[in-house]
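In the two complexes that follow, chain A is the common piece, with chain B as its partner first and chain C second.
Now for the complex of A and B:
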């Protein structure tokens, strides 16, 4: 009897030990993922810059990106400019729509309307990007862009940018909504008591009070637009040179990563390593933006606590 | 008297501005909603014929196609009217199984550790900061990492296992955050009650706290899974885009998945492919909607008001 008790006492901690170690390891796995991302990207990128075909200077100054051509050129400039161009179009659309949707949701909508609109926005956020890409190519381009802007090609920066913009509206709307809701009620009540209308309260009191959260949402949205892949690959086309005409095709960092990997790129070739050079360029851009967004939203949280 | 007049006058002057502002707000919110509706309507109208009608194909030897079962079970083809989504559908199911069996233990494990056991020190804060940042890393980067780590380093090759593990890493941060929220929602009185009755910390957490947080964790898992099956970009590096026209039979076999198959079909120029890719998108959206509804039902059914 007493033996059994001893046994069970001993065996329980063994499972406990195992489970405790397992969950601890899974938590530390988060760090491992980051390390794996940075390590794999940077080692292959270093291989890329060490190859005789390419120099750091060429990477940042050449104006053509043609790694799978016979005479390959590795200039990242057109890719960065296309990426920023399309992301800017996306932001021109998503910032006002997202922000005004947030103002509507937090300041004007009744509880019932909120209960209907919030899930719809969540649904929009859940649409796979390949579907948005299809929609941009087969609906936005022929029905909107080509009708109103003559001279637009089948693949163009405008419809890709518009689709990316719609895709990030839910992100901006929900984060800005949270920021507006975090503003203390007293500010709003004070504004109403002084006789300001709903519009004045929203624009002159609530908006400035929540501005850091709103800016954080904008930065995060911009970062997501930069990292978006399938929409720009499907609808944005591939034009490997510097180009500022939004009616024609462009070539973003993400879509060239996809296209290079689709081509014949065996392990160890310069084109294969170029994937990772592009990867780390993209990673650094989004990483800095995400840090900035996180920093700004943290700073703002302190203000009202 | 005068002042009241002034007041009403200014109110009247203000009124148009108020209305215009409200109109701008309505317009913004409706653009988002109308776009979603247009998207769904456009896809339904181009895809439903391909997905639901029966027809004959072939000039000399006629072949009867009975949809939707033929679309769901047949192989891909060069003829848009014959092409089916079978291998991609099965590939997506394989991915889901791999993702669930790896993400659930890792995600809930990490969440339980961070929420219940982790000391409040710099290392813990570093892990948390890491998770926030990982959630913002573009999915295409995860694909590159998966290519280097699972395909090359681990030697899994361009297989459904590599694809599943890459998707696991992609959704882990989301699942961990959701599981932590579920654990946070369990009130401290449950922990204290268990401890007061003589349970060890471990027993209190694993027999009382975790079971009450399971519905929330499952909800987070389902939402993460629905994000995973819609992902295209990371899988491209797993060789899922090369012409795969067979059913995966082991974790190490090549595969394709629904979003990848759809992307493939979008690339073909003939008009009929539009219908075929829309049909694939309908299947994908139906799967996503089903999973989101399941998550919603679990949330509503098991959510406790402590």
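Now for the complex of A and C:
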């Protein structure tokens, strides 16, 4: 018996099991938290839709969002339209600037210039959004928007959108830059060897070859713009009705959540539960965008050997 | 060194009827303070295949890339000496590297077709060079010249990345000759290919040399002996600071190089004793 070869499982050191399970726990922790968020959001949101004051139909068709008023209305349309409106302005600013900086950085800039510009861009990504918010309110609005566009209010969608756009430029530039740099060097060499100029090589060869990463960066940027809270709360205003004039205030999903949760809305009321309905609406929007980004980058990914 | 100069003189006297394409005079290429290849002087001839052979790191690829100014894309690279192409100094201030590359095409070690259709791969270079008249005819002609037409004529819209490695390399040759250069530089064009695909490219070179001057860098000295008319042997020599610099050892017509080399170093390499 004592001479028998010891091969049983108990010879595995305890530390192996411990480390494996600990690492496993961390990995699954993130998933568990996501599930917990969805569950919390949806249970409270279900409570919201079950309350007599609101119906699903009203939620999606009414054009006012005034949960704390005496006669509350719960129409999410103005919030969604404001959110998409400001995010679109942000994209109009950030897509070209972000993409062009990425092209410049990866195709035209010298090593030295790149060494300077890249950290500065990353610095921009590190600026707290509250700073962007006040920058939009106290600088962009009076110095740019009100000067060039008459009739602009103190709180307006244009400044908020511009500031959000500036905020997401680094995201787009950095991901697009990575995408361009991931294109095999041989393609660039091949284009140059055929007598292309830098411009043709960058725009006709490198850009199409990196398009999946670039589109993914656009979608991610758009998704960040939708979820951005501080800037739009500070500079975007709180106009609770359906409004398509960018010169006046709007009311995004995020800033209405902030607004209700900052007030003294009692726990359990319909106005309180409305927050969770908004939360899950926002969650679904960004979730779908992230899925789209994933799908596109898979579909258009060019496979190089 | 003495043997090299002597040898060059011999040749110029005996091959007086040949037109020179590249005339290389005391060319060195540096990357920063590192000398990759030093003091090369040689002549290359029109409608001939010239092969560069030698062990890794001997500077043969570096040198060939300075012939169409691809080295310009490496910021630290610096070419000194003189490279005359049909009498024009390629590194003259007035010379546009883009124009140089339009005249001197290049095929790379790893097949690098663009991630576009077969047709687009060839049309790209034609558009870049404003040769869009009779686009389809030009595409067919280039593919035919590159011995690829019969294999791909039915699916010109197929993505080039779906072709086999050997087909991809022939497509790269096709897109290079489509823009009608005078000279084709080939930087180890077969090193990523299997023997069958290699044979096809080698046969192709024999056809193309009637129209173009070809310069090929190869690791494979058997390939050099099979395909080339002239052959240059490079090697590395240790410098004082312990790094290695490439040098031209011997340059001659291929038959002489492989049967009766002047330098003992060449003989050792060719007989497989080092490298």
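Just so it is clear, the second predicted complex is superposed on the first by the 276 of 305 C-alpha atoms of A that agree within 3 Å, B and C clash if a C-alpha of one lies under 4 Å from a C-alpha of the other, contacts with A are read in each partner's own complex, and residues count from 1 in each chain.
The definition used in the following text is that contacts are C-beta pairs under 8 Å (C-beta built on N, C-alpha and C of every residue); 3 or more make two chains touch, one makes a residue touch a chain.
Worth saying up front: this structure is predicted, and the values here are computed from it rather than measured.
Legend: residue contacts after superposition of the two complexes on their common chain; A:50 is shown touching neither chain B nor chain C.
Contacts of A:197 after superposition: both chain B and chain C are touched. Within the superposed three-chain model, A:130 lies in touch with chain B and out of touch with chain C [touch as defined at top]. Greater residue coverage of chain A by touch, when chain B is weighed against chain C, goes to B.
When both complexes are overlaid on chain A, the residue A:187 reaches chain C alone and has no touch with chain B. Contacts of A:61 after superposition on the shared chain: neither chain B nor chain C is touched. Taken together, the two complexes place residues 197 of chain A in contact with chain B and also with chain C.
By the touch rule above, chain A contacts chain B in their complex via residues 16, 19-20, 22-31, 33-34, 36-37, 40-41, 44, 96-97, 99-101, 103-105, 108, 117, 120-121, 123-124, 126-135, 137-139, 166, 169-170, 173, 197-199, 202-203, 220, 223-224, 226-230, 233-234, 254, 257-258, 261-262, 267, 275-276, 279, 282-283, 286-287, 290-291, 293-294.
Of all residues in chain A, those touching chain C in their complex are 110-111, 184, 186-197, 200, 204-205, 208-209, 302-305. Of all residues in chain B, only 14, 17-18, 21-22, 24-29, 31-33, 35-36, 38-39, 42-43, 46, 105-107, 109-110, 112-114, 117-118, 126-127, 129-134, 136-142, 144-145, 147-149, 152, 169, 172-173, 176, 202, 206, 226-227, 230-233, 236-237, 241, 259, 262-263, 266, 274, 277-278, 281, 284-285, 288, 292 touch chain A in the complex they form.
For chain C in complex with chain A, the residues that touch the partner chain are 68, 70, 73, 75, 98-99, 101-102, 105-106, 108, 110, 112-116, 124-125, 128-129, 161, 165, 172, 175-176, 179.
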